[in-house]
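Before anything else, here is the set of structures, which you'll find just below.
The same chain A turns up in both complexes below, where it pairs with chain B and then with chain C.
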Partner chain A sequence: MAHFTKATSVKDWLNQRLAIEKVEKVMASEYWIPKNINFLWAMGMVLAITFTLLLVSGIFLLMYYQPDVKDAFYSVNYTIMRDVDFGWLWRHIHGVAASVVFLIIYIHMFTGIYYGSYKKGREMIWISGMLLFVTFSAEAFSGYMLPWGQMSYWAGMVITNIFSLGGLHMDGLVEWIRGDYVPAQAFLTRFFMLHVLLLPLAIMGLIGLHFAALRIPHVNNQDGEEIDFDAESKKYLAGDKAGSKVMRFANDFMSKDMMVVGIYLIFFFYLVFFQYGFALDPVNFDPADGLKTPAHIYPEWYFLWSYEILRPFSVNIGLMAFGFAQVIFMLLPWLDRSPNAVPASRRGAFSIWFWLLLIDMIVLTAMGKLPPEGIFSTIGLVAALAFIVLWIALPFITMNEKKA
Partner chain B sequence: MHNSSRRGFMGKAFGAVAGVGVVGSLVAMKKTWDPLPSVKAAGFTTLDMSIYPEGELITEKWRGKPIFVLKKTAEMVASQTESQKARDVVVGDSHFMIAIGLCTHLGCIPGYNAAEKSFLCACHGGQFNWAGEVTKVPPPRGFDIPPFKIEGNKMILGEAGPEYQAMKDSGVTL
Partner chain C sequence: MKNKEPLILVVVVAFTLLTYWLVEPFAHSQMHKHVESQNFAYADLAPIIKTGDAANGKALVTGAAACIGCHSIAKDGVPAGMDAVTAAGSYGVNPPDLSNAGALYDPKFLADLIKNPAHALNVAHKFDAAKGQMHPMIAFAGAGGDIDQEVADMVAYLQSIAVKADELTPKMAFEEACGRCHTMKYENWTQLGTKPEFKFEKESLAYDIKVLEYQEALTKYMGKLPPDLSMYFRSRNEHFLSTFIENPQSQLAGTAMPRVGVTAETAHKVIEHMADAGDTKRHERESVGKNVMIFIIIFAIFALLWKKQVWRDLH
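Coming up: the complex of A and B.
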């Protein structure tokens, strides 16, 4: 075609060169969303907004942060927190968002599990989502290193030691990851690089993949109903908006989404201004000291459940259990043998499985925070074993499920 | 046919060039992450072993890691089992427990309780006795012993002397 005419308007000028009207249709006004969904379907948008908050606040922190073992602690706790006008705001936003993003991710994941939104063509959505979870975890961990406080140092020590893989004694690998015998300058600078460039790039790429994976199967709905999107969208475009089972992504669905986002943002900024303490560990307000371990080392709350799966066992078994916990969610679409993509409440034994898993992970989280002594050790061990048993049982529970 | 085989050749030729490039880049990337020579060179510490008080745990530093030095009391020396003797380091006529002060589980520094003469790791609850042996999991083995060489009253950490080599060969330390 490549034939251009004199433009009648700016829009027409752009349209001839970039086909903006077509793009708008494909991406928004003719991207169809089922009507039968609830506020839990807004969590994806809440996540996208939270990621944006992390990105913007991170850019401002980056202007004063110094990735140097001598200056890092000072640059965060004095320069950014006291000298820079509104420096505290960016730090509070960044810290609170890093914590809250995991809460929303967990809600988003468990919504997916509850409604069976990981099967019947939605496997790639699930896999890209889990890859996002893994990358977000790495992003959170690398960011935690940057203030170079006591928790940064010792979390860095303990987590990188996991790569010696227990009985395999891969100490060379651990030193390679650190660039030193212990976490030191080389370690800090490379984790800085990962945190501000490589991992955010990977996250943005994965968010693109996640959205692309949604395109063909579309989002699920509250009844797991298989909707004929072609037929329903024709009905809608023909004027039968009320009779159609779908609506436009923009502006119809967006307006609902943004309503939830608005409520979320009020809650979020309440935390930023008045309750930011939970996101900043007091132990990390002591500068890193390689000759003194803090009395209790625990990760941020969102890693506690998997940490608690590592802790009660001897080192090799602990690492195997930990590895199991890291990959097992990824396999969910294949471990669930039932073809029913309906809410858990209509799936008999699966519904019990779902609630047990959720409760077990909350128990693991609580035990992970407590010192590994006495009754807490025992509860932690039982919960860790229960986690493994639940996942092993899943294929058998779902194999004989009746057609819902 | 003629055409497609020519394209096939071009594809393979490019594949070969790209393959060499990929392997080369991976090597460079791996090496860039290696510890720097300056880091490796700064790996020696000399200790004067005549200054330590008996029965008290002193922490030194080597390669950024804490090193436990415990001069054993006569009572401890007398009560040593065979396996404890195997880890014993003798300088002149003093007996020492020398160890890298990092838990062999995931590397926290266990705390020493002088009254109970034992170490407790707060991270995941591991325990060690005064001789450096593990007494409660998750740590898989006793404390690691740093490479050392004895010269008169001095001990050089980072260099493997015959006493250390013997411990390593017999599997007392990694």
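Coming up: the complex of A and C.
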């Protein structure tokens, strides 16, 4: 057993039992971050803040929401939006944050791809990040069911139906997921459970893994420079703060994080109060009606690109393309055969690949929302094919990349 | 080294805005047809040329034209011939009280309605005289004189008894122009009126049964129970509601919903009432929004100053 002495202060008392000084050093003041990084590196903190907003607003909503097909719509649109003081504010924060969190996730992901931050020991960061993307997607989808509006119901119908399509023909699985032949009470209750318990737990666990995966390989930097963190941190601690290539996480980088968070929150709250329509689809303000299919059924914007990969093909090929799109990002660290962990701008063909992928995904996103008619379905088909070709080509164009 | 952050910011913002534009304004412009507002001009209806005489109009409405056979006029002490549920059973929908018709509806519309209801209401497609399908409101064929003069007189009478435009509240406009077909549950509105508070459940259920009976007749007449409008302000946009009220056929061809013929001002009030029901906290949202924005901007300024202070030693 450790030796305890009479504490000289509260801090000392805690220190003897929890080693708070050491924890503070490990987590903040001696967690070393390279200096040559830009504001894109603050997206992690922006995501943490957005997730906190989702969690806190979600707790408030959970106090009034009723997971019952007869009462759900009323509890959201009457109780929360009208009766409860500031219920509308929590709902708008929750709805807008659920949409904006994906914008930040995509920026975060493409930052990682651009700077090669999934290589040379950083593979687990990428994998845990992609697992977070998957769980966030499930969280968003399950949450979208809860208001039990027209889009909740019909998106639930269409997405669960995917398993019954074409050669899969897993009607039993569809019924098992729904707990019924159509989305109904059993469906709503289980998606409610997933949304408020299982998936948030999984997300919090994965966030822990994501942070842990960062410790050993350290944060990447914008020049692809290999930094000797031990030597540079010694230099910093010796007093040469300006000459060192690294800085403390707190308060050095944290102050920049907070600056970016401040600017982000201006944008975020502008959306919450004045421009929320994109995140709270009008169609979902009609109560669910199994006898009235909406003219246009589309997922939220962040799922559109993968939806459009499913849509333009015949059923079986579409399902295969869709499955391909769901897993392919996960394999990026191995599909990229080049050892260069430098920004895309210094990687020749990879740079073209990066911008083509980004533009292709934006095109897919747009076509995923537009009705699949005429020129739009042609563009959608070409973009979906381009997506598959780009990923198949990736190992070949990176294999012969010159050392940067 | 050159600071690349401004360039990166421009790239991130540009791609974000492009994506937003594609999936929101552009996609919606492709998915929904755009219907231009006609500003409630009802250009297809003939204008009233004759100058109406209210006293003569009253004599016609309560006499030869037989309006009060079906319509009540509470303002002038004319009671309804039967209760709402029985009336709906006979006509499909309870005929409106005419007290405020002169304020709610466009005069041209009223004149055309009196002469040819199915035409004014834009529901001629629902009624085929050859098959014995007659609009429940009987057209006025004239009382022996100049029919245009008689109609002008009746419209003048209706206008003379109606509330003044500034006394017509959004709630009244909605209840009188829309409330015999549409419920608004979040405002406690049924087709029979505002549901009273009952002391005993038995009485409350008895009221609900009357509403259900009314709705049964209405459903038979319309083909489908007209939707509850509590959340329509959020599920449709203002432009859609306005152009739909002006002419339902323009947005939803073949719909059983009649053109109700309200004036632009009445339509505006109806939509305001729908906003009161479906977007109750909009004024609070705007005022809280302003304060939050001020707070966050101050926070961002402090964060910026803190960053500058901390980084002074790092360069």
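Criterion: the second predicted complex is superposed on the first by the 402 of 404 C-alpha atoms of A that agree within 3 Å, B and C clash if a C-alpha of one lies under 4 Å from a C-alpha of the other, contacts with A are read in each partner's own complex, and residues count from 1 in each chain.
Criterion: contacts are C-beta pairs under 8 Å (C-beta built on N, C-alpha and C of every residue); 3 or more make two chains touch, one makes a residue touch a chain.
Model, not experiment: these values are computed from the prediction.
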Give one word, clash or fit, describing how chain B and chain C relate on chain A after superposing.
fit
Mind working out whether A:His296 is in touch with chain B, chain C, both or neither, as first, second, both or neither?
both
Of the partners chain B and chain C, which touch A:Leu198 in the superposed model: first, second, both, neither?
neither
With the two complexes superposed on chain A, say which partner A:Arg82 touches: chain B (first), chain C (second), both, or neither.
second
A:Ser314 in the overlay: touching chain B, chain C, both, or neither? Say first, second, both or neither.
first
Between chain B and chain C, pick out the one touching the greater number of residues of chain A.
C
Looking at the overlay, what does A:Ala184 touch: chain B (first), chain C (second), both, or neither?
first
A:Pro371 contacts which: chain B (first), chain C (second), both, neither?
both
Rounded in steps of 10, the angle in degrees at the Cα centre of chain A between chain B and chain C is 60
Per the contact definition in the header, classify A:Ala242: touching chain B only (first), chain C only (second), both, or neither.
second
In the superposed model, how near does chain B get to chain C, counting Cα atoms only, in Å?
11
Doubly contacted chain A residues - partners chain C and chain B
295-296, 371
Considering the complex alone, what residue numbers of chain B touch chain A?
30, 33-36, 39, 43, 59, 61, 63-66, 102, 104-111, 122-125, 137-140, 174
What residues on chain A touch chain C, complex-wise?
35-36, 38-40, 77-78, 81-82, 86, 88-89, 92, 103, 107, 222, 241-242, 247, 251-252, 255-256, 258-259, 261-263, 265-266, 269-270, 272-274, 277-278, 280, 282-287, 295-296, 301, 304, 358, 362, 365-366, 369-371, 376
In the complex with chain A, residue positions of chain C that touch it
1, 4-5, 8-9, 12, 15-16, 18-20, 22-24, 26-27, 30-31, 186, 230-231, 234-237, 278, 280-281, 284-286, 288-289, 292-293, 296-297, 299-304, 306-307, 309-311, 313-315
Touch list for chain A against partner chain B, complex
154, 157-158, 161-162, 166-167, 169, 175-182, 184, 186, 190, 290-297, 310-311, 313-316, 318, 371-373, 377
